[in-house]
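Shared chain: chain A. Partners: chain B in the first complex, chain C in the second.
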Partner chain A sequence: MTALLISLLLFGAGAVASLVFARCDRCLRLFGAGGIILGSVCGLVPAIQVALGAVPQSLRIAWDVPYGSFYLRLDALSAFFLVPIFLICALAAIYGTEYLEAYRERKALAPPWFFLNVLTASMAVVVLANNAILFLMAWETMALSSFFLVTFENEKQSTRQAGWTYLVASHFGTAFLLVLFVLLGKSNGSLDFGRFNPASSVGALFLLALVGFGTKAGFVPLHVWLPEAHPAAPSHVSAVMSAVMIKTGIYGLLRILTFLGPMQAWWGWTLCAIGLSSGILGVLLALAQHDLKRLLAYHSVENIGIIALGIGVGIVGLSRDEAFVAVAGFAGALLHVLNHALFKALLFLDAGNIAHATHTREIDRLGGLLKRMPGTGATFLVGAAAISGLPPLNGFISEFLIYLASFKGAVSLGAFGSVPMLATISGLALIGGLAVACFTKAFGIVFLGQPRSECAEHADEPNLAMVAPAFVLAAGCALIGLFGASVVRSLGPLISSVTGLQPLVVAGGLAEAANSVERVALFGAIMIAMAALLSLARTKALARRQVSMGPTWDCGYATPSPRMQYAASSFAQPLTASFRMLLQTREVLTGIEETFPQRAEFHSHTDDPYRSYFFQPLFESITRTMAFLRPLQQGRVQLYVLYIAVALLVLLLWQIA
Partner chain B sequence: MSQVINSLLVLLVLTGFTLLGSSRLAACIRAVGFQGLLLGLLAILMQDGKLSAAGVLLPLTTAVVKGILLPWLLFRAMREADTVREVEPLITYNVSIIAGTAALALTLWLGQRLQLPSEPPSSLLVPAALFTSLAGIIVIVSRRKALTQVLGYLALENGIYAFGTTVALRLPVLVELGILLDVFVGVFVMGIAIFHISREFDHIDTDKLVALSDVG
Partner chain C sequence: MVAGSFLPLIVALALAPLMQGVIIRTKSVVAGRQGQPLTQPYWDLWKLLHKGAVYSQTTSWIFQLGPVVWLVSLLLALTLIPFGGFPALSSFSGDFIVVAYLMALGRFSTVLAALDTGSSFEGMGASREVTFSALAEPALLLSFAALARQTERISLSPVLTAISWSAWAHSAPTFSLTLAALLIVLLAENARIPVDDPTTHLELTMIHEVMVLDHSGPDFAMIQYGSALKMWLFAAIIIGVAPPWHRGGPWAETAVSLAGMMVFAIATGLVESSMARLRLLRVPQLLLVAIVLSALAVAL
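Let's turn to the complex of A and B:
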């Protein structure tokens, strides 16, 4: 615990130092990033130890706040979430030292470093807190510090808009959490996690947690802030937010589940339904996007959906005493938390490199970047394959575990119980296929072909600090993919602490799953070997011949221009057209009408259906109905004093009468 | 003794009406200062003959600060801001006095209903104290000049002080001194602020701050 306290103090020191040395650019980079990196390294050691099965540690310091105590506890679940938090934040800090340089002339850089330190510390406290007051305070600090990071470029109208959307969504979620914790602590008058004693209405508590934490995690339809906030934030912040911050929602949900006693089957059904809608809608909307970071943000919604599917399958398994279904479901979900943290951070950092080099995030203005930015391109390819769930990378392992759990459940749970399992299997397959299509589009349009604009043509690989973190993350993806079986076996302590199953049962289930993973890994290895052999054979065969370079097939055009290449929307069109019902893509086409056409245009735009058909009308009607309150705000000091005086008098009279 | 206390309390109420009905700033300042002197006297008289050094010195300090020092500061602010009377209050003086009468009726009723931890030395004390506070609030709400607002604030504080003498006759010396210092610094800062506002904007009308509102 001492190491963790030191790491929290280092984050604090980093935050203070970045304010003190606001004027000195070099000190700012040194202390701002240094606090995060040193603190993370310091905290990683105990986190990894406990995640792998060391004894949980706790620390309790009395605190003056009513019902509050500074009570930290590091058990397997918190440790497992701490590992990606520390890892991603440290890498993002390294990346940020270089990324923020581009803003040095225009903006003060002390606030982003201050808030990044605060954000890291608050995320660590969120997963460590063992008291509801401390948890909520850290939760709010996390929301506010990330709000200030999102609104870093606050001179842009769109960024301010995104910031407000995020702030409103955050507080919407926190309101539910407040009620949740009060209800949990009511029966025995203590807000310490260990002493929670759920009242009779466990189902209501589950729903409160689902909405409260689901808003942070980005479950559909509460995801609307994600595609706004992630593109607006600086790229290393998007990486931290998307990779680890939204996972605190998953952490909170799992933590609350451990308090609620025996899990009920309908929770699993609900989570499966949410997972399916988040996963499918997320990937479909991603497919329709033109902005690279917005596309990645929708993929976060998709991956949170996959995690929810895993948890849902696990809960159904637990409620029906199917140990293997429960173990493999939860293991898949939790491993996907770690995996998504790795590849989503990787993809956001690469997207940052692209934005940094080309000053645009419009996919349709890019192209041919693989030759110009080989490091970014190679790591992006790894990340894209991993997020699509392709073997032999890490995304495959976690999705495979969820498949295993659902197949087992579909066979053994009987006609009724197998419904969510079959839905999960087909949903996961659909999500996986669409994700491959989406990343084929993203990688193909951005990195292959010819540059579609000036800015893409003159792109250059950024410097080492911005490329190295991506390589570390890519290596992480590959390692978990290659050593999937051992990773799965090491999840034992974590899974038994979440599910409450006997460690022996969990170990048995995990060993069974690991065996299957091993067999698949063998096939993966064979595939890699064959690909290597083929490429070797190709080099051999070509060595003896004359090789000439020519243009790719040009459809018979005499002088094709880069603008004639497939665009992002044309590539995705066959798929988006078949899901037109869900996506409601708006297309504007000024067609070719005359014999000698002058000019034709085509635009397509896909709004978030929940934003434009649900939340926007809802908030507009709230504004309309509340409009009668507007005259209350007159700007007269006298009137405000009158309001206060009248309110106090009315309260006094009410109390007396 | 209670006769004296009661007549002092009636005087307190009457100064409240003076504050509500007078347009001249000088008269208002004198009224508030007179309230301060009355309060000091009341606090000494209410100790029922068990006089101690602190029991006399503290009310005396209160009387000096509230009755002499603060009015002096306010007179200075008035001269610096070059204003003599409150022109065009938001509600007329007649309406102010009617509102004051309503407030007095309300407080008399409240005085009967309010449960206090200890019996007040006079049945008039609670209504008089509450009325002084309400009069302060009415002044704050209905006047334009920043200086009058300060006077309202002082009257509000005087009411609270009078109320405090019933509930906590034996407040720790330190707390009482702290409150006194608080009020003094408050008025001092407000005096400076008024001076700067008037120099900057050529007036001290608070309702011109409406320009800072975000409603069109």
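Let's turn to the complex of A and C:
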């Protein structure tokens, strides 16, 4: 615990130092990033130890806040979430030292460093807190510090709008959490996590947690803030938010599940339904996007959906006493938390490199970047294959576990119980197929072919600090892909603490799952070896023959221009057209009318359907119906003082009466 | 049994091009031509393997990696497919998921190789390929789920061994619906009529063939051989699910299955000779039918 306290203090020191040395650019980079990196390294040690099975540790410091105490506890669940938080934040800090340089002339750089330190510390406290007051304070600090990071480029109207949406959504979620914790603590009069013991209405508590934490995690339809806020933030912050911050929502949900006693089947059904809609809608909306970072943000919705599917399958299995289904489902979900952190951070950092080098995130303006940015391109390819769930990378391992749980459930549960399992199987298959479509589009259009604009033509690889973190993450993706079995086996204590199953039962289930994962990993290793051999054989064979270079065969047309290449929107069009019922893509086409047409235009734009058809009308109608309260707000201090006095008076009278 | 466990793989590697030859020959005969020798696909591969290569200046290492990954992923997928009376070389819980995703990997690599050329035709083919296979994937996995539920096993070799006359007699509707769904998936995934016409002369209307326009020499050989293996893989699953006609030991069963594969190839040739291609816009509907069929198969 001492190491964790030191790490929190280092984040604090980094934050303070960022403010003190606001004017010294080198000190900012040194202290701002240094605080995060040192703190993370320091915190990683106990986090990894506990995640691998060491005894949980706790620390309690008395506090004057009513019902509150500074009570930290590092158990298997916290440790599992803490590891990616520290890892990704440290890498993001390294990346940030270089990325923020581009803004040095126009922006003050002290606030982003201050808030990144605060964000890291608050995320760590969120997963460590063992008292509801402390948890909520950290939760709120996390929301606010990330809000200030999102609105870093606040000179842009779109960024301010995104920040506003994020702020509203955050507090919407927190409101549910407040009620949740009050209800949880009511029976015992204590807000310490260990003493929650809800006797009744656990279903209502589950729903409160689902909405409260689901807003942070980005469950459909509460995801609307996510595709706004994540692209608006600086890229290293997007990486932190998408990779680890939204996972605190999953953490919260799992933590609450441990308080609620035996899990009920309908929770699993609900989570499967949410997972399906988040997964499918997320990937479809991603497919329709033109902005690279927005595309990635929608993929976070999709992956959160996959995690929800895993948890849902696990809960259904648990409620039907199918230990293997429960264990493999939870194992898949948890592993996907870690995996998504790795490849999503990787992809956002690479997207940052692209934006940095080309000054655009518009996919259709890019192209041919692989030759200009080889490191970024190679790592993006790894991330793209991993997020599409392809072997031999890590994304496949976690999806495989969820599939395995669902197939086992589909076989062993009756006709009724197997419905969520079969839905999960077909949903995951559709999501997988669409993700392949989406990432062949993202990688293919951005990195392959020829540059589609000036800015892509003159792109250059950024320097080491911006490329190295991506290589570390890519190595992580490959390592989990090849050694996933040992990671799966180490999840034992964690899964038995979440599910309440006997450690032996969990270990048995995990061993069975790890057995298959081991074979999958073996396939991965053989695949890499065979691909290397085959490439070598081809090189040898071609060495003695004539190998020539020529233009691309465009069916007889010898001078194809870059503008004639297939574009991202045309690549995705067959799919977006097939799902137009869900997507509601707006298309503007100025038709060709004259005999010798001069110009024609085509635009397509896909808004978030929930945003434009649900939340916008909802909030507008709220604004309309509440308009009669407007006269109360006159913006004069005296008037507000009067309100306070009147309120006090009324309260006093009420108390006397 | 060591020889036996390698048998499904060896048979596939050796006879997959022959199956292509049979399909082509059938089409020729129906069209009233003499047609090429049955062994022509082997000669084509041999010729391609001994040629040089032409690469487009636009391409990068992705283009050269594409065919390699394509072939390797199909080779690995084939090690999981049982054939005749013999179980696959490798078999473990959930191996059919690996089969589906290895094919997704193969597709991922060829699609990227196609986009690497910067050709609008190849981009178009790539776009169609990902569209149709995204819709074929749920049908494929739901079909596996139907088979798993019916046989209460979750690994391909035991599932296919468990399909016997009595299983068919007991739940023929499930198996026939699954077969129909798998058949549609086969047609879509292997670029066969009515989804795609591998022999058309108009690039605009092609799917798989247009993606590989720029590959030449050994690269093209890998693509062609991989396509033959993929066809074999799907056909082997379909023959495995079909009613077992055999009596006797695994060798006899293998012989019967081989005959089944050739009959299947002739049937494919006949279908291709007697049908026109569907309009591209209709293909998603066909795949939707496959999804519905497989969902029904699970529900029964």
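Miscellaneous remarks
We adopt the following convention: the second predicted complex is superposed on the first by the 628 of 657 C-alpha atoms of A that agree within 3 Å, B and C clash if a C-alpha of one lies under 4 Å from a C-alpha of the other, contacts with A are read in each partner's own complex, and residues count from 1 in each chain.
The definition used in the following text is that a residue touches a chain if its C-beta (ideal position, glycine included) is under 8 Å from a C-beta of that chain, and two chains touch if they have at least 3 such contacts.
Treat the numbers as computed from the prediction; the structure is a model and nothing was measured.
By the touch criterion stated above, A:Thr440 is placed in contact with chain C alone, chain B being left untouched. Once the two complexes are laid over each other on the shared chain, residue contacts for A:Phe523 go to chain C alone; chain B is not touched. In the superposition on chain A, contact is made by A:Gln546 with chain C only, not with chain B. Measured by the number of chain A residues touched, the leading partner among chain B and chain C is C.
Once the two complexes are overlaid on the shared chain, A:Thr623 sits clear of chain B and of chain C alike. Touch criterion met: A:Gln634 reaches chain B, while chain C stays clear of it. Of the two partner chains, chain B is the only one touched by A:Ala645; chain C is not.
Common to the chain B and chain C interfaces on chain A is no residue. The residues of chain C lying in touch with chain A in their complex are 49, 51-60, 62, 64-65, 68-69, 71-73, 75-76, 90, 92-95, 97-98, 100-102, 104-105, 107-108, 111-112, 115-124, 126-128, 130-131, 133-138, 140-142, 144-145, 148-149, 152-154, 203, 213-214, 217-219, 222, 280, 284, 291, 295, 298. The part of chain A that touches chain C in the complex is made up of residues 367-368, 370-371, 381, 385, 388-391, 396, 400, 403-404, 407-408, 410-412, 418, 422, 425-430, 432-434, 436-437, 439-441, 443-445, 447-450, 512, 515-516, 519-520, 523, 526-527, 530-531, 534-535, 538, 541-542, 545-555, 560, 562, 564-566, 570-575, 578. Taken in their complex, chain A has these residues touching chain B: 630, 633-639, 641-642, 645, 652-653, 656-657.
Residues 90, 110, 113-114, 137, 140-144, 149, 206-207, 209-215 of chain B are the ones touching chain A in the complex.
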